[in-house]
Structure formats: C-alpha cells, structure tokens
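Note that the chains are named A, B, C, D, E and F in the order they appear, and that numbering of residues resets to 1 at the start of each chain.
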Amino acid sequence: MATVKMMTDREAEGIPAVKTVFDDIRATRKSDFINNFWRALAHDPAQLSRIWTQVKTIMGTPGALDPLTRELIYIAVSTANGCSYCIHSHTAAARAKGMTDAQHRELVSIIGLAGQTNHLVTALQVPVDPEFDVR
Amino acid sequence: MATVKMMTDREAEGIPAVKTVFDDIRATRKSDFINNFWRALAHDPAQLSRIWTQVKTIMGTPGALDPLTRELIYIAVSTANGCSYCIHSHTAAARAKGMTDAQHRELVSIIGLAGQTNHLVTALQVPVDPEFDVR
Amino acid sequence: MATVKMMTDREAEGIPAVKTVFDDIRATRKSDFINNFWRALAHDPAQLSRIWTQVKTIMGTPGALDPLTRELIYIAVSTANGCSYCIHSHTAAARAKGMTDAQHRELVSIIGLAGQTNHLVTALQVPVDPEFDVR
Amino acid sequence: MATVKMMTDREAEGIPAVKTVFDDIRATRKSDFINNFWRALAHDPAQLSRIWTQVKTIMGTPGALDPLTRELIYIAVSTANGCSYCIHSHTAAARAKGMTDAQHRELVSIIGLAGQTNHLVTALQVPVDPEFDVR
Amino acid sequence: MATVKMMTDREAEGIPAVKTVFDDIRATRKSDFINNFWRALAHDPAQLSRIWTQVKTIMGTPGALDPLTRELIYIAVSTANGCSYCIHSHTAAARAKGMTDAQHRELVSIIGLAGQTNHLVTALQVPVDPEFDVR
Amino acid sequence: MATVKMMTDREAEGIPAVKTVFDDIRATRKSDFINNFWRALAHDPAQLSRIWTQVKTIMGTPGALDPLTRELIYIAVSTANGCSYCIHSHTAAARAKGMTDAQHRELVSIIGLAGQTNHLVTALQVPVDPEFDVR
C-alpha cells in the first residue's frame, strides 16, 4: 500500500517525459523490467528525470570505486535508515553485479558491528580524538 | 564531554584484562595510539574484550571483501546513524588503508544519493517488487 | 500484526474514559471513523486522553501555521523517522485538508533533497557557521 | 572538525567549475556569504554543481508551496535525522524568509508531537487502516 | 549554539506562566537547578507547561516501573535517536536516582547489542514469526 | 520476504556449527522453538555463534539488572530504531519473562515521551549543561 499509485507502462506511454526516462532505464540496464521505485516517482516527471540522471551518473559512471562496492555502500546506508524497499532492491542489484554469498555475509557482519559500536559510542558520548583531524 | 571518563594508560596498567586488550590493539595495529573509543569501553573489561575480538575478526580477517571496502561500509552505516565519532575514526582508518580523495568523493556521493532515495521511497511507501524475492 | 489488540467500539463503550475520547474524536472530526492509532492507544486511557488532547491542541488550534502546513511538517518528520503508519495516516489527513497532487510532489521532493543534504553534511561533518548563531 | 577542509575563496578562484557555482550562489541569494556546506562540497565540483542545481530548483522555483513552507519542511526532516548543521542553516534560512517566533514555536511543537506519536505507533506496531489506501 | 536563547531566571520572573513551571520544577526536584531544556522550551509557555506536566506524570507517578528503570529506558531511546543532550541529562538523572556503575555498564552493553541485532535483522529483512502474535 | 532464506531444521542438522547453536538455544530456553532471526543468521555459522554467545552473555548472565528490565531496554532501542521484527520478538520475550500490561503501558509512554523530548531538544539544539559532566 503506497501513498501514490504505481504508473503503468500504458500510462507512461502517454507522457513523453516519463517515456523517455523509462526507455533510458530499459536501454541502460538492458532489461525490460522497470521496478516500482520509478513507477512511483513517475507522477513527477521532472523529479523522475532528476533522480534517474543522478543514479545513472553516481552509480554508473566508471570511477574510483567498482560497481559492486557502490551497491554494498548503498545497502549499508539503506539498512541503517531502515528502508525495506531499498534493501531489497539494492541487494538484488548487488547480486546481479556479482555479489557472492560470502561477500553478502561479510557485508551483513560489518553492518551489524557498526550498528553496535555506533550505539556504544553514542551511549558513552566518546569525544573525537584530535588525531583524527584532517591536517 | 562523555558519560564515562577515558581510561588512561596508567589506570589500564593496573587492570590486567584491560592491559591485555590494549597491548593487543597496539600489536595488531603496529601503533602506540589507543583511541578514545577503547578508553571509554575499558571501564567494562569484559565488554572491551568482546568488542575488540569482534572488530579484529570482522574487520581484520582476510575474506571476501578487502580491508578498504570494509571501512567504506562502516563509514556508510555510521553516517546514516549520525555517529560523529565513528565517521571521524573510520574516515581516518580508511585513509590509513589507502582511501584516495577520489574514492572518498564517490563514497560521499553514494551516501548522499542513498539518503535521498531512501527518503523518497519511504515518503511514497513504494511496495517491494516480487522480482526482488530470493528464490 | 500489532503488539496490542485494537480496541473495538463495543469494548470502548464499556470504558467511560475511552468512550469520552472516542466521542470527542468523532465530534471534532465530524466523522464516525476512528483509526487504529486511537484503538491501539485505548488500552491506556490516561495516555489516550493525553495524546488526543495534545493532537487537538497542537494540530487544531488556530495559530501562525495553517492546518495543511502542519500536516506537511508531520509527514516530513514521519518520513525521516520511517513510520509507515504515520506517513499513511497523515498523507490521508493532508489530502482531506486540501493537499493537491502538486503540493504532494513538492513535499516529497523537499523531503528527498533534505535526506540527501543531511547525509552529505553528516559524512563531511561540516562545522556550523558562526553566522547562524541566534543573536 | 570536519572530514574535509572547507574550501576558501582563494582556492575556489582557481577552479572554474567551483567559481561558477559560488558566483551563482552569491547572485541568486544576493549575498556575499557562502556557508560551509558549499565549501565542504567544493572538493567535488561535479557534486557541488549537482546539489546546487537541485537546491535552486526544488527550493527556489515558484510552485505549489511557498518558500517559507519549504524551509519548515526542511527543518522538520533535518531534526528527525539529527543533522545539527542542517537545523542551524535552515532555521536561519527560514528566519531570513520571514519565519516569526510564533511560527517557529508551532513548528517545534509539531515536530515534538510527531516524534512522540511516531514512537508510540512503532512500539505498538499499529496496522495501517485500509481507509488510508489511495483509491 | 542553540536555535533559541536559554531563558534566564530574570526573564522567567517576568512571565507568570513560566515562573509557575520553574517553581514547580524546583519544588518537585528539591533543587534550585533548572537545566537548559526547560530554559529553551520557556519561549513557548504553553508547550513548557504541557511537556513538564507529561514528564512529571510519566516519569514521576508511582506505578508498575520504578524510577530508575524509567530513566534507563529514557537513555536507551535517546541513544538510539542520537540525542546527545538527552543522553547526558538522563544519565545524570539515572545516577542521581541510584544507578550504579555496574548497572550503567549493563545498560550500555544491552544498547550496543540491540543496535547490532536491529541492524542484522534489517539487513536480512527477517519476517516476523507468527508465534509472536498477540492472541 | 527476506534477503536470505530461513534455514530449516533439516538443513541445520547437516551443518555441525549451526546444529550446536540451535541445540544450545533450545536447551537454554527450554523450548523447541527457534525463531526466524537465528534461522536467517544460520547462513553464516561463525556470525550465528558470535551473536548467540553475546545474547546469552549480555541478556542471560545474572548481574546488576534483572532479566525483564533488560528486555524493556531492548524494546526501547528497537522502537527508536524502527526494527519491527525486534519489537515483536522482544515484546513477546518480555511478556514471557513476566511483563504485565501495566508495565507495557508505562514502557510505551516513556518511549513516546522520550521520542518527543528528543525531537524538541534537537530542533532547539539545546546545549549540554556543564552540571551534567562526569566529575
């Protein structure tokens, strides 16, 4: 149950600004599947375009981090934020980009450990060591 | 300003269970520096030992993810949880393990993007696509 | 699946302190519908009354912000806190108070943007400018 | 203490992509003041430009919500996310856009109330009423 | 650095609604000390009164949980929410109500463990067992 | 819908490291029921063992806090973190350890109140009183 309706392909066909993005998602991912995130965003074509452009640039442009590492970081943030949909979609994306079960296990362990030490640090209000300052 | 006092080396010398962990941190990291997190935990020697053992195992055992990737995941969780100390300490740790400025920039971009899409998904309450189910 | 049972109208009839609040909710909202939040709270009649009084005062008293703006702020907080029920109930309330689709789209964009810049600021640990101090 | 250095005007002068954005911030806001958020982002000129373009579009384009309401929403999200810098900068921005003390008081009350009911709903795991579904 | 000014005793003297609450805080706590939380709230006397009444009722009325347990729960929520001020004030309150160092150590351990398992459950999206349902 | 499959008893039988933990959970809890959290963790036997050992130690070792108080703290953290599964499992555990309806009502009230004051403090950015410092 969502707060907006998921846009169907039929509706998307009638809105050029949406159709353009949907077509680019399909072409970029070489798959006909458009997941619900984009169908929910589609009711705001300008926003749909802004978000897709960012995702394509930040997650897709070759750079200093490989595509799988980027997905692992995405899962980590989404877990700490408790975004169920995002955890599902990016865990699926990570698997599609080659994440092994062993990598998933390590990712989950690190997320859990960080969750624990984050809470310990906060409960104890540990002051930042001056050694960590960027010179 | 913390909710416990940071344990000094002098105090740690007098508590064998703490001294053992502090010595192991120094030996493992090949550095004399013990950061405040461990000094705050030291008032509970059993907990200090439990946490250090986990950190050493989860962050230090060779496995499917390299040491730098593990730090990037740690920073991602700590940022989403708003743990200032943890962000500082793990950003410093990542730099010590070779994180370049370009990698830091990409990490920060991905964290920001995930923050945005997490919020959009939650505001729109997007339902999980059945395609994301683990078989 | 809840951690308490939703109180039925029949049960509420038998508890004067609950009946009084349910009656006031119906009279205030000019509707027979009592949503699950109040039915869950009803097991603690004192708390039910405390929360309803606050909601009526803070959301209903004419003041410096109009009723719709108050709902938009409520949705914003609920989204950042990941409270699915609250997002649904206050998005419905906002629509009932006249929120247009265009206003909803802008609200969602701002929530997403704030989510992104909140994460960027936290990852970079940007220090507060002295210019922002209240004189 | 930040995880990157704040870029000075002198440094910004030497990087055309940064200078362009800083100049546009100054022109748009009709003020010489560039706050630390932009100085921290400036180490990634592409990201600086992306974020500024979004802020300018989402916060500045005339639309269905007035500029002050947009700032109130921003403060609400930033508070729930615990982003201290963001609360300071957007509270200052809201005041600059005319937020009165009475409006600030009501905003703060609503944020507090939403914080309370969000926690109550979550502790009780209240199920979403079918009446809230978008038809 | 706050977004409002802390109200001084001198200013409070001039506003009867504030003076009444400040006097009651002092009488209830048998202490002359008024901490900053109340001085920040005092700019909204109605809200100040509402919050103080709730705190006095929920934290101070004899009931099913003893006063120290109530403070431990408060610290737990405040830590998970990352509210630095609240952690400091309620850790001080718990100590004033008799919290021993051993109790503080156990509290902190449980908070850390819950932080870890909360993150693990979320990353793995563990489905709720039907056995947990309230019959 | 989870991101891993729940391990069945049949599968667990074939993995000695998992069987050992499952047997110990059953013996410790004097119940044949193994909830989904452990079945999800079981795909990483080392992690399963690490987490179970911690839970057994931190939640089960007699100490300065009684078993029910520990569960209340766990529920408080899990609520603030929005971990639905954890709220359900620990509310059930608290009931099994004797939590009365009156205790549950007070717990929920305190969690709600803390949620509210945490948000107020954060919105107002209240500075920590020097009186709260640990001497």
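The criterion applied here is as follows: a residue touches a chain if its C-beta (ideal position, glycine included) is under 8 Å from a C-beta of that chain, and two chains touch if they have at least 3 such contacts.
Nothing here was measured: the structure is a model prediction, and the numbers come from that model.
> Would you identify the chain whose Cα-based centre sits farthest away from the centre of chain F?
Following the centroid criterion, the farthest chain would be D.
> When the centre of a chain is set as the mean of its C-alpha atoms, what distance in Å lies between chain C and chain E?
Distance between chain centres: 21 Å.
> Would you mind pulling out the distance in Å between where the CA atoms of chain B average out and where those of chain E do?
27
> Would you give the residues of chain B that are in contact with at least 2 other chains, written as numbers and ranges?
Correct list: 1-4, 51, 54, 77, 79-84, 87-88, 91, 105, 107-109, 111-120, 122-125, 128, 132.
> Which of line, ring, star, complete and other names the graph you get from chains that touch?
complete
> Mind listing the chain F positions that touch chain A in their complex?
By the definition above, chain F touches chain A via 1, 3-4, 43-44, 47, 51, 77, 81-83.
> Help me check something: in the complex, which residues belonging to chain D touch chain F?
Going by the criterion above, the answer is residues 75, 79-80, 82, 84, 87-88, 107-108, 111-120, 122-125.
> Which stretch or stretches of chain C touch chain D in the complex?
Checking each residue of chain C against chain D gives 1-4, 6, 33, 35-37, 40-41, 51, 54-55, 58-59, 63-65, 69-70, 72-74, 76-81, 83-86, 88-89, 91-92, 100, 102-103, 105-107, 109-111, 113-118, 120-129, 131-132.
> Please give the residue numbers of chain C that touch chain A in the complex, ascending.
Of all residues in chain C, those touching chain A are 82, 87-88, 91, 101, 104-105, 108-109, 112, 119.
> Along chain C, where are the residues that touch chain E in the complex?
Residue list for chain C touching chain E: 1-5, 50, 54, 57, 128, 132-134.
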